[in-house]
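In the part that follows, the structures are each spelled out as structure tokens.
Both complexes shown next keep chain A, but they swap its partner, so chain B is in the first and chain C is in the second.
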Partner chain A sequence: MSTLDMTSTHSRPVPHPKRSLITRLHMGTGVVVGIIFAALAYYALKSSLLTYTDKVADPLTPHTDNIVLLGSMFAWSIGFLVGIGAFIGPWRWMIGKDLTDEEILYMAGDGQGIKRYFKYCTDHKVVGIQYLVGVMTLLGVGGTMAMMIRTNLARPGGHFVTATVYNSLVGLHGITMIIAMIIVATGPFGNYIMPIMIGAYDMAFPRLNALSWWVLFTAIPVLCSAWFLGGIPTGWTAYAPLSVQAGPGMNAFVATIIIFAVSTAVAGMNITTTVVAMRTKGMKWNRVPIFVIGSTISVALAIPAFPTFMLAMVQTGLDRTFNTGFFDANMGGSGWLYANLFWIMGHPEVYVILIPGVAALMEIVPVFVRKPLFSYNAAIMGFAGIAGLSVLVWAHHMYIAGWAPSLNGPFMVTTEMISIPTGLLFLVLIGTLWRGKPWMKLPMLSVFAFIWDFLIGGITGIYLSDVPADGYLHGSMYVTAHFHFTLMGAALTGAIGGLAYWYPKMTGRMLNERAGYISFWFVQIGFNVLFLGMFMAGAEGQPRRVMDYAAVFAHSNMISTIGAYGVGIGMIILLWAVIHSWTKGTIAPMNPWGAKTLEWTVPYPVPLTNFDELPVITSDPYGYGKGK
Partner chain B sequence: MADHIEQQLAPTPGERTAIFFKRTDVVRTSLLFIFWTAVFVVLGVVFYPKWMPLVMSTELKSAEAIMVWFTVISAPIAGLVLAITSNAFLNMHRGDTPPPDGPAVRTNGPVVAVWTITSLLFALVAIIWGLTEMNGQAVAAARDAKSAITVEVTGSQWLWTFNYPAQGIETHELNLPVGVPVVFDVKSADVNHSFWPVQLGVKVDANAQVTTVIHTTPTKIGAIDVKCAELCGLYHAYMETNGAVMSKDDFNAWVTAQGGHNA
Partner chain C sequence: MSHDTEFHVHHDSDAAVGRRERLGVRLLIVADGAFLFGMIFSYFYLRNLNAGGNWLPKGVKHYSATSAWLVAIPFVIAAITHRAGLRSKQARNLTSVVTLLALLVGGFIQWDQLAHMPFLLKDDGGVVSFNGAYASNWALIAGSGIFHYFLSAFIALGILIRNRTTNLPEELDLWRQRTAQSWFTWCAIAAILTGITLSII
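Right after this comes the complex of A and B.
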């Protein structure tokens, strides 16, 4: 995309295109313009819809409040992007021009220090840090909600929060964590590290890279507004018709998902194109680092998956505003239509979350065991097999929905088949560990935790996918425990391992080891206590998403709550370590782990275009080990 | 650190096998394998039956059997994974410099093949087991259709209502005669709910405008908890009621007391 002569950037003075609007726009102007747009939309819609307000008796009258709120939310998002200067480039194209070289260099944030993190900055390393901070914020918010949920459930009859607040906590915890987990590895590491790993100057579409982050950013205040609009009563699955009858907070959920889907489409397209088109000379497909393969398969899987969720939310929005009745059985629609659209996204989505986490750990193991990755081909077959099968299993979430019971058998077959490619991922990890002496550093610890957690998550998934067992377990706490073992125990553990591993390259400093170890044990022990307790509650027959329960579940819930506080303490320590080490940690050498991938061949701070001269690759990065 | 792999003569197949299956590692891993397999067998066999409620139908029995036996069958696989992992953990290298390089094993064809075939067989066992159980339940339901009593279940925010058309009664508690097959016709008056008589081990969603059906046969006398397993709004947690599986005489007496007539 960039037309710069890359080799001469270092000799240039810091550019400052004096008369360009670009230099004056930043996050602050974005917020101001966003609020102005939202306010204009609010008053325009409110006044133009006034005529409808006195016809409440007619069931087909539009719901003016929902129209006004949804319109204002989308106006905020667009206004913010206008205000931060996202559309300056496209505008220039429309009038037959483009940005000048100076402006492009300015947009890349060259020589602007910390300010560039608050601008529409096209440097992939800046976008990576923005994603990292965004992910940590979302995880912090979602984790706090989880603590409140567990506090309410500590004892039967607990009324730490009201029923409305509790239901909102359940839904907002869910969607906040899902959004955070979708971007947890591909956001920070996929943007910051991956282009360097493949030997590229930048991403394929730097301006779209900035767009993907700032679009996502506009979704965060929208999601938070749900809280002030009365919350959401539906859980993160937002099943219709409950979502259609829900109060004004639901509009925030609808708008968040639509905005987020745009962000993932842009990011997915950008990452896929970068990996396909911008690998350096000699990096054939069988020499690409496994993290790059995993992230690419993950985002490529997201590209077809998310539009169905977006569509389902557009329809929910229409049902809520213009009474279209897509999901209302009383008007000829169907709640099953919603469930299908949701899970056609929902099941690929869990693998979109899982695969980058596993891939990060596969990058870590060979370095710390000093052995080649065991069976690189099996790893790729595992990822590709999971991605391929994952689009054919969605209705295992609907075994007991009553929809097409004769399809339960076929969906059970595809679901159980997923254990085969998943088994290959285990084989690659244990094959690499076999006969090795693992170097016990923070990133390596995550590998051990991952194997234990994902094993439990995987085995419990095998019973859940068997229809007769699901008839008992579906919708119980058992399911909640199962998917937390896979999404948190496996995917988040992988991402934390990735953070410990790439932290020196992203911040120039080592992550505080002592705090890292303490945090690791608090989180992992707490996590296992928490969710083993929840398996117990589910097997005993406690439904999920309940704010209260019978006395028979008191022990298992108490165990879970104790474990949850352990996780909470551990995560706070980790957060402290990340923030503290960022400015006060020991200075990291260029290649602290002795790894062979390309990101460790560049200094910190990584130069604007990563490499002075693109490297040439002659082998894959796993050439460790003695011949004998 | 060497920048390139040292060029050496390729080892013979026999040497390669000796490198891959080094005796000390094999012995230690085997012991750990026995330990972890035993742990998983005990977890499955002891804890699930302990945690699960009183089994009052063939459906719950079959769900419990899947949970117990799948754990037992998968125990050797989990045992192997954890044995290799914990063996590596015990071999850990500490300190600020990387450990010496390990053997440069890039893959091992037979190991990958055996692993893949084993996981395929395991998946087939799970699939065949599940399909056989489903088929058995479908056959039983068809066979029992004539002798079954029908209960029409309606979920509404946040209440269960049970209508016994043949007996002509409507209640909010679910009482059933033991040993008599029962068909639940489930629907919703508003949003989605999920009808879950816990001790009977079956579940089906309640949807507006459509009737969903499940079958079961209570096999034991005892109390039933009926819960809602699909988030249905504000008081989802409290959308529960009681009931019982009772002897036929008790059931008939209860129907009469409710003002119904015995079919």
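Right after this comes the complex of A and C.
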């Protein structure tokens, strides 16, 4: 078998396939070709539509404008992928000239140093780092927008931003954070760590792995373009027919979701296939680390869920461009159709976000209390139960909309039932902690934070699942506080715990612990102040998504804004810690936490194929307290 | 070739890689199936709702059920001929030509139907809109049919070229053709399902 040099992966001579186009393409060529494609599409569509409208002596209508904009956005995405070399592999397959072994190795980025992060690199570790940087960027942008929203809401009558900008801020903050949360754990850790955890030498589809990242990358400038096109006035849910009637900025939202759904499908398929088909010898299903199980269930849930959101966006796009009537009652359409399609995806998506974060924390707890994971089977049943029930609860978002009132009861029951598998997750975490002596390092703090935050998020959700209570609370700040407690309190807290835990493996250095502690307390105290204040405002009756409010809500809003600044300061400190530690942190030992999973058996930098020889598994990954 | 290259590129057997690729494609089919489910849901939801009697307004022409099945037949032929090619190595060159031709013909028919939709409405300003929810749903389903035809034709063309090319990994290629069979079969099933859907006007 192979004799990979384990210490000099990055210093080997670069394999250079002669006369191969692959060696000349990178992010820069992608951007150039993407812009050329977008410009060509813009002028071609505009001139052809103008020619058409000239015939009928009519200027461009909003619909034709939308055709030009949407066409240009998709052309940018396709052009970028062409320019970075994403289609070379399929093209070469089609013409019967497969990529040579040297070309495949070149695409894996072997020996190319930092340049590989800007290429169509197929190494899963490179893709993991690309996702990590992407997530941090999205969180930074989305967080900045949140701070602007809270600044405006600090006092009644706030005019920090105009009403139009405020509306756009709410929508763009929402969709930016939702995208960031969906990839926050499965993106960086699912790509970098997970293949090593299961003893695989790579992902099942390395080229598609790179594709999933770069497709997502093309969506980021498209989403940002919404700012320059008048923003999105609909909130992240983009309810029709408001989204159909909205201005040109809405095209950016539609294109972003369609592009993102493609990325998600490809990533979900890749992760699921890798785990099902590439586990190393001896890694039976009951020996698979719980983070891998959680991530796989999450992405497998996304595979059937996200296409319905994509469909809703395709229909919105068609209504906006070609005058179809999916959501226009005058043309036989219905806004309820949108609501159904959106929430058929929308509620499973909550668990797509949540499960990997919880699974990361379950991975952490046994390591830091030196006890086996309490009831591994209960954890799997919890994840599977949540995933199964999550597709049967979507209409609880539509109690008040008046769609099928006779189904409110059944949907209330299924929604409340989901607290049972969720309770299993708490049981597993608390059972593992029970009578343990936790090693209170940075990753472990997130576990306790999660238990507190998600308990509040979960319990307040039960009130919202209840039809009569929802009648009062629906559309209020209470709902906003609830879903932030679940998404941020579980997924982001889990991801930060995961970052602190796997940071040494991903960067070769320890995360600055003091800065991490300071950040943790700022974020957690600020978070609780922020959203407990918001619960108060919501319970008192303050509606969400409004830029001004009655004086009676002034105190609770001021409390929330103060909390938001705490979160902001904490996140800036965390960002500083991540960047500073990456370059100047203490060099990490191979296994700083003494963990038993496979990723800690490989050195940093992790070799291209992860393992010199693929390992053979003979025991479960949480055999603490059972001897060596 | 260096030892490293050998390890990175040829780690697993062709059969292992082939099985993995087939699983991946089947998972993508699940995603595509969810999209199809959404389209069929939209069709019947709006049909049953018939908001303002505008599912199919009076006097608006529609495509016949036959036209929907006319688009489905080439997919069925492509799936059958590709399967026949998998069973007989001698016939593979011929079947891959027939598969590609069937897909091109089907794609052309679908495109032609899209180009001559009978239910478009043009106002005084020359703005075109779809007359009724049936028309909107029909166009969406036809558009997804075009996407299926385009992707399938790309795959069929690749198979046709590769069947005539020497020095390719034979076992892995055979696995990939089996994987393509999963896709072609799915496209045929999807076309039949949309055929049934569009027959209920």
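Everything that follows uses one rule, which is that the second predicted complex is superposed on the first by the 600 of 628 C-alpha atoms of A that agree within 3 Å, B and C clash if a C-alpha of one lies under 4 Å from a C-alpha of the other, contacts with A are read in each partner's own complex, and residues count from 1 in each chain.
We adopt the following convention: a contact is a pair of C-beta atoms (placed from the backbone, for glycine too) under 8 Å apart; a residue touches a chain by one contact, two chains touch by 3 or more.
It should be emphasised that the depicted structure is a prediction, and the values quoted were computed from it without experimental measurement.
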Would you sort A:426 into first (chain B), second (chain C), both or neither based on which partner it touches? first
Where does A:96 make contact in the superposed view: on chain B (first), on chain C (second), on both, or on neither? second
Tell me the contact category for A:108 with respect to chain B and chain C: first, second, both or neither. second
Figure out whether A:437 sits in contact with chain B (first) or chain C (second), or with both, or with neither. first
Quick check on the superposed pair: does A:329 touch chain B, chain C, both, or neither? Answer first, second, both or neither. both
Name the contact category of A:65: first (chain B only), second (chain C only), both, or neither. neither
Could you figure out whether chain B or chain C reaches more residues of chain A? B
Looking at the overlay, does A:467 come into contact with chain B only (first), chain C only (second), both, or neither? first
In the superposed arrangement, does A:270 touch chain B (first), chain C (second), both or neither? second
Touching both chain B and chain C, residues of chain A: 329-330, 336
Show which residues of chain B lie in contact with chain A when the two form their complex. 1, 4-9, 11, 15, 19-20, 22, 25, 47-48, 51-53, 59-60, 62-64, 66-67, 70-71, 74, 77-78, 80-82, 84-85, 88-89, 91-95, 98-108, 111-112, 115-116, 119-120, 122-123, 126-127, 129-131, 133-134, 137, 186, 190-192, 194, 196, 198-199, 201-205, 207-210, 212-213, 225, 227-238
Sort out for me which residues of chain C touch chain A in the complex. 1-11, 16, 19-21, 23-24, 27-28, 30-35, 37-39, 41-42, 45-46, 49-57, 125-137, 139-140, 154, 157-158, 161-162, 164-165, 168-169
For chain A, which residues count as touching chain B in their complex? 163-164, 167, 170, 233-235, 237, 239, 241-242, 245, 328-330, 335-336, 368-378, 400-402, 408-409, 412-413, 416-417, 419-420, 423-424, 426-427, 430-431, 433-440, 448, 451-452, 455, 459, 462-463, 465-469, 471-476, 536, 539-541, 543-550, 593-594, 622-628
Using the touch rule from the top, collect the residues of chain A that touch chain C in their complex. 1-4, 12, 15, 52-53, 55-56, 58, 61, 63, 90, 93-96, 98, 101-102, 104-105, 108, 110, 201-202, 204-205, 208, 265-266, 268-270, 272-273, 276-278, 303-308, 310-312, 314-315, 318-319, 322-326, 329-334, 336-337, 340-341, 344, 608-609
